[in-house]
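Quick notes on the structure that follows.
So that you can tell them apart, the chains are marked A, B and C in the order they are listed, and the count of residues begins at 1 in each.
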Amino acid sequence: MADAPLHKPASKAWPEWLTGVILLAILAAVPLLAQTMGWGATVSFLTRIIILAIAAASLNLILGYGGLVSFGHAAFYGVGGYVVGILYHHYASDAPLLGLIPGASDMAITVPLAIVINALLAVVLGAISLRTTGVQFIMITLAFAQMLFFLFLSLKVYGGDDGLVVRRRNTLFGHDMRGDVIFYYFVLAIAAAWYAFCARLVNSRFGRVLAGVRQSERRLAAIGIATYRYKLAAYVIAAMGAGLAGALMANYARFVSPDMLHWIQSGDLMIMVILGGVGTLFGPAAGAFVLIALESVLAAWTEHWQLYLGPILVVIVLFWRGGLMGLLKKLTGGRIG
Amino acid sequence: MADPLLRVEGLQKRFGGVIATDNFTFDVRPGEIHALIGPNGAGKTTLISQLCGELAPDAGSVFLAGENITRLPAAQRIHRGLARTFQITQLLNEDTALDNVALAVQARSVHSFGMWRDARSDRALIDPARALLENAGLAARADVPVADLSHGERKQLELAIAFACEPRLLLLDEPMAGLGASESQTMIETLRGRKGEITMLLVEHDMDAVFALADRISVLVYGRLIATGTVAEIQANAQVREAYLGEGGA
Amino acid sequence: MGLLFEQVLNGVQLGVMLFLLAAGLTLIFGIMGIINLAHGSLYMAGAYAVAFFTLQTGSFWLSIPIALVIVAVLGVLIEYVVIRRLYARDHLDQVLATFGLILFFNQFATVIFGRQPLLLAPPPILSGHVTLFAGIPYPVYRLMIIVVGMIMAIGLYLLITRTRLGMLVRAGATHREMVRALGVDIRMLYTIVFALGAVLAGFAGAMVGPLSGVQVGMGEQILILTFVVVVIGGVGSIRGAFYGALIVGVVDTLLRAFLPNLLRTVMVGPEADALAGGLSSMGVYVLMAAVLALKPKGLFPAHG
């Protein structure tokens, strides 16, 4: 028995870490290339994509791997952004929040705080939402996200409809992060860490349970696994990832608005996950890249680009399962994807 | 005689106008194979669902080794020593046979919150899983996705997963369903191999299997228990023959 | 007291509209197993159709049947082109495909009608007020909506209780069972049901135009409220849709009506109003959470 193979029979697939390292190397080289080639806005453009790729990866955890169709994921993304925005607001105005909590403008404080607050929020919302299944779950997650959207819309003190400007990007442990390139590398590092964490998570014991939840909860109950706690844990972890992305986006754009929590934002995240390939590790990143690139191209072409995105999306869903990763797998003969 | 391992008292379940389980009382003794037979629609699967905790009875109680498990959630019953197989196989179809059994082995642990170590190279899970697959005759098919397994192989896999739970009481919902002659024989041998070691409640239509394996038989008709006894007693029971085997008179 | 009664009536009026939407949504889900996000787009289509034809022909009365026909045709078209392919798919695919439809229809409406809301006055007979008991004046138009909505509710009730279709809805039948039981062309049945849901949504939209104007995005706002109704009432249950809609309509309206004044006693003007707006929007969601805490499948789940 000692010689029995532990993994599946050898396939041609590259190990995931190899794909990841290569991708990371390419992305790390971009700022240098951009400088020499004179590609002006590339670094900034990519920063936005990478931040959304973090959010999409977090949704992929519960949606792609766990099969939980959460249509309210943008709520956590938006709350993460608002944590940064609100803390900066109080920092800049020197008046503490609720008279007690001082403002902050360093990512060493604001980002972890955004993550923690989202975790708490997710425990509450998830505990309620996960009591339901199927269409109910979809509708509830959408409803809760909309509820939070209205909440932030109504907080005139934090900009309300107009949103909140973060006049100056947060520092990191006191270091100035305003430069495009240094912020890009910071975001890239965070993304790499998050993806590495997700990779370990989906292959771990917890990840096996999650995959089981997607395929047959009945089977899991029959072997003695009480799925609720695992679904809730996954939901909270996913929310933390979305909050991380939201906090980074608030720093990138130096602006937060209720639109970050809007259901269309949730839809966008879902599109990224599906487009890239549900339940694959790099799918969300590919999906984020293609969707943003597609939006940019279409938007440059016509003001009404959503007119075309809509049907494109319908066609993709109906006819093209497996997404980009599936396509890549076919093209490379199974080596990647 | 030792106390029964499973005791069911006055179990009652109706769906609208239909009485699926009608004041059902019986017991299963430790170490025995107790068969439950009855015509289609008699309520056998509904009964299994109530014993497993998937369905809540309207009235009545279920005791496992003296403990009242009537209100115990389904997943917790597994940890009390219960396990079941599904009539229509309920497997993780995208995963491999090995993955399925390994998960059952994993489920024995207190929790599955480990988020770092790779579960597919965890010997504590893989080794017992491979052993179970070997016993089920599926060693060669361990790394095949369940979707690609034959029906007979899936039924064997269901059983291997149930064994992975190390149950005291195994509820088998038509394990022979859809199996060919030699596959049925293999299944019967597998079950017979564990006789005495694991107590079994065997719901079956295949009378050959029932007569080959059962110590006692209970007969269910329209949700009601109409007879319990040894194989010989049941075969001789006129009421059973009339209601189930369809013979009128002698 | 008079103010309270008036607001309760407003709540009932909102509830009746929500019922039309929720009933369609739950019917489509109950019979076909489809979650249709584009339901709000059909509502919007009804509103735009009425607005457009009223402005063109000058007749509100004429534009309503025209709008209903348009919406019915639109519904059939959507069913034929998109929905039909989703019957076998999982919920995620349905959500995304119909989400794509929303994007398309919203942009389509923007292209044709622009971003500015269309404003519409109710027809002369229906404008003005009528005096209810205790001397309370109430807009005729809103009263008409309540009456019409209740008639539709009764109609649906008869449909559910007196027809074979309704029997199957109540039984929460699956598609396969329905084919056997009805012995009817199942594809035709699905198309009809979808068109019925579309017409209900479009009718609700048609009536709301004179009240609040017609603009892009109105469908989604009310759709999410409709989801809350369906969740509270129980997925697949028309009865649940009815009671859920009334509860949500009344609670939402009362919160919006009375919370601002309540808050103004402790806060300053514009901030109080904005916060009140936010909190009253949140109210129904908190209600939804409370209902689910006690009854995860809603108040009147279809399968009992």
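The rule we apply is simple: contacts are C-beta pairs under 8 Å (C-beta built on N, C-alpha and C of every residue); 3 or more make two chains touch, one makes a residue touch a chain.
Values in this document were obtained by computation on a predicted structure and should not be read as measured data.
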Request  = Determine, using the mean of C-alpha atoms as each chain's centre, which chain is farthest from chain A.
outcome  = B
Note = Judged by C-alpha centres, the chain sitting nearest the middle of the protein is A
Chain centre separation (chain A, chain C; CA means) in Å = 32
Remark   = Cα centroid separation, chain A vs chain B, in Å, comes to 43
Averaged-CA centre spacing for the pair chain C and chain B, given as whole angstrom = 47
Ask   = Which residues of chain A are in contact with two or more other chains?
value = none
Inquiry  = Give the list of chain A residues in touch with chain B in this complex.
reply    = 1, 4-9, 200-201, 203-209, 211-212, 215-216, 218-227, 230, 233
Query = For chain B, which residues are in contact with chain A within the complex?
reply = 52-54, 73-79, 83-84, 86, 90-96, 99, 102-104, 106-109, 112-123, 125-127, 130-131, 143, 161, 164-165
Remark   = chain C partner, complex, touching residues on chain A are 63, 69, 71, 128, 131-132, 134-136, 138-140, 142-144, 146-147, 150-157, 160, 263, 267, 270-271, 274, 278, 304, 306-307, 309-314, 317-318
Note = Touching chain A in the complex, chain C uses residues 29, 35, 82, 85-86, 91-93, 95-97, 99-108, 110-111, 220, 224, 227-228, 230-231, 235, 270-271, 274-279, 281-282, 285-286, 288-289, 292-293, 296-298
